[in-house]
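First chain A sits with chain B, and in the next complex the same chain sits with chain C.
Right after this comes the complex of A and B.
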């Protein structure tokens, strides 16, 4: 598995797309800091980018890589290698290189602009950690979609739909249901609904650091306990971790059952 | 010669005056092992205008009534221990000075407002350098005037509102200066009721159960350069007129009903140069008219300004709004307030003629803040892409937010 991981990783590291992705973050980081001259403001803007763009790129990239390396995968499958290690290796290679581009691309400009002296360092590292988590989650989901669909167009379609649903439509439905049922106690529901979407979950995780004063404005015992203590942070982190593990397990299962 | 005579006469007059007046007031020294070992006894023996020097030691006394003009001065912070039995000092005369005493153990009562120091119907008093601990009420000024409360330290251990008192309370008092005091851990740090022309300067009021500063029915008061931090509900200014609030700092007042400042039924006030940082709500305004908000900084608040209703002819000019989750929140479609020349960190317009003023008006009210007002749980959708899209479309063509609620001259650069 390690060999395949290494192969996929180096293959991607050498590929043009990784560089484009890396350069994109590098430029984004520099431009943000150049325009704002303030690390904490840049962190807020970056959050919007991260929770929207990372899932999108993760999904598209994952699907693309799987379809592109399909022949190579079939070649590998003919060898005496465990199936799970082939797919896991590829999965980890893709998500690892994407996460690396993200961390380096954003990390370099921020470090150069004196992040280490700034007190925003914790917010920023949290941003990178959630970003990496999101990369792993969405690459995993896209691999599952790609394995389940032989048809490339269909696979791409589903992947983009998945992103659109989780990034935009889900929040719309969520908002509608909150307004429709506003006469009922909704704090547990809204927290659970947040947990069920990895994008919302990472957003809340970052908000816990950035907008805590607004989040504490709502009178609800459960909210207060969740947002007012470390509980919220720990629970969100744990569930984000669970969200990372679940697609991996799903991928393993799919890979085992798949008939090539 | 005539001139010389008048000069002599004046001198004589002055001499007689000095002799007639107890100029050589006696100084009494009180210490636990002296002849004068109690405050009460010495006060009874002393004449008006005498000075009492209280030496270091512990004095177990309460209900000490000061009924003549005296200077009571502690040396090395003598401890006056009230033994939780009742009130400790009660000043009932004009021209009394209390200085440098350490007062502890005020009796808690559910029927009487026991205070460490109560001033009743007196003028020209001076209370300074006192340390008050384990108290119920701290300094209670009742129908008094022209006094000064200076540089005191009031440390309470309030846990519940019903059995705790206020740090400094003014009731029907006028023309008083409250300066450089430090109040913490009481119910209301500084409380004013029916008190006019009070100056509150350079105080620190923190960690109080309810409000750091609380105004009720008090007019023409000025408070400047105070710091209010981490109070249960911030600062409340209610039912008062002509208040000036300048250069104060409101910091970290977090909670469901916590405000940097709560304004209710306030008219004709001036709010200038204050800093509101990391409060759940910076200023909560309700039924307040003709207020000038100028040169204030709102930094990292949940809501910088929340307008609840019936607020007319207010003007917001030259303020900085930096990284607040919501800049302004309204709950009605009517707007009669003016926003002009403020800096908004979330402003995205441009300045083609380079005059430092944005060419596109800024709309500080997001549609999302209406949604949150209606269904508070939706706060979990803060900063989501869906909400941003909706806010954007509302900003382009306002349907729900007041059409004229905008800053037509937003600053491009932060006001220094």
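Right after this comes the complex of A and C.
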């Protein structure tokens, strides 16, 4: 598996798109820091950008990589290599290189700016950690979509729909249900609903660490009570982790059954 | 026996591709798997390689059952139908990579020279023409020393010179006692190379034997017509 990972990774870090992605974060990081002159505010703006962008890039990149390397995967499948090693290697290669682009692209400007001396370092690391989680989650989901769909157009369609649903539609439904059922106690419901969407979960996690939960009103207080504590933090990290593991297991299962 | 297949069934959706294939493939011969488009040739080959998972049936390669195993593939060299490699990688890197993955001794130098790939070694695969890619594909297949070689449409895109080299290569491997499976639509190539013909039709083995036997059975004037006759007889049977 490590060999496949190595080659996928090399293949990707030499592709133009990885550089574009890396440069985008690099520029974004510099621009935000030097326009804002405030690390905390920069982190919030960054959060708004990456929470939507990472899942989108993750799904698109994942689907694209899978379809582009399909014939090569067939070549590998005929080699004496275990099936799951091939797909795990490719998956880790894609998500690893995307996560690296993110961490380096944002990390470099922040380190240059003097983040290491600032007290926003924890918020910032949290941003990078959740960003990396999101990368792994969405690349995993996109691999499952791609492996289940021979038809590239369909695969792309489903991947974009998945992103659209989790990044936009889900929030809409969530808000609407909050309004419709406002007569009822919704604490548990909103907590659970947040947990079920990795994008929302990451957003809340970062927002609450940034101490701006007062902006969130009453619900925010409940969230603060839960996510703000160490236990809540651990639980949400565990759920993010679960969100990462489940697609990997699904991918293993799909890969075992699939005909090439 | 190099390959033993018993009662092999495979269905894709509603399409029953293989309908109970029984087959033994002996050592040291060249077998040509023929059949019209969609008759199940590639599915059969991919089942042997473990790329397609059969619904029913049993396959052993060199006395090892194929199911849930992957180590037996060390004994197989496979040339896939379409050579499409990662675009960002150079030819020599790809060769190095496959060597690294297989971890067995290889003799790529002679092959590279034979097919004149020297000037392309430093080029990225995305810049190569179809024929050159196929040559790379051939080098990747023949550089290892395995007892079983499977070639899926090996002649695609090759120029006459490369084709001659390919034929020589195949004969050389055969002389070493290796078993070779070939699918091809170029009848002249098959006639020249194959010791035995396996004719697949709608997922079943319709004819199995040597070229001479095929000519006798069909009464056709030459090999190409004999193969065509096999298809036509079946169609008539269906019509009635």
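Just so we're on the same page, the second predicted complex is superposed on the first by the 245 of 260 C-alpha atoms of A that agree within 3 Å, B and C clash if a C-alpha of one lies under 4 Å from a C-alpha of the other, contacts with A are read in each partner's own complex, and residues count from 1 in each chain.
Everything below uses one rule, namely that a residue touches a chain if its C-beta (ideal position, glycine included) is under 8 Å from a C-beta of that chain, and two chains touch if they have at least 3 such contacts.
If you're wondering where the values come from, they're calculated on a predicted model, not measured in any experiment.
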First, second, both or neither for A:230, with chain B first and chain C second: neither
Which superposed partner A:69 touches (first chain B, second chain C, both, neither): second
Partner chain in contact with A:77 - chain B first, chain C second, else both or neither: second
Greater residue coverage of chain A in the superposed arrangement, chain B or chain C: B
Overlapping contact positions on chain A, where the chain C interface meets the chain B interface: none
Complex contact set, residues of chain C against chain A: 10, 12, 46, 49-53, 70-74, 76, 78, 80, 82-89, 97-98, 100-102, 140
Partner chain C, residues of chain A touching it in the complex: 3-4, 7, 10-11, 14-15, 68-72, 74-83, 257-260
Chain A - residues contacting chain B, complex: 40-41, 44, 47-48, 51-52, 167-168, 171-172, 174-175, 178-179, 182, 186-187, 189-191, 194, 200, 203-204, 207, 211-220, 223-224
Residues of chain B that touch chain A when the two form their complex: 254-258, 278-281, 300-303, 323, 325-326, 345, 371, 374-389
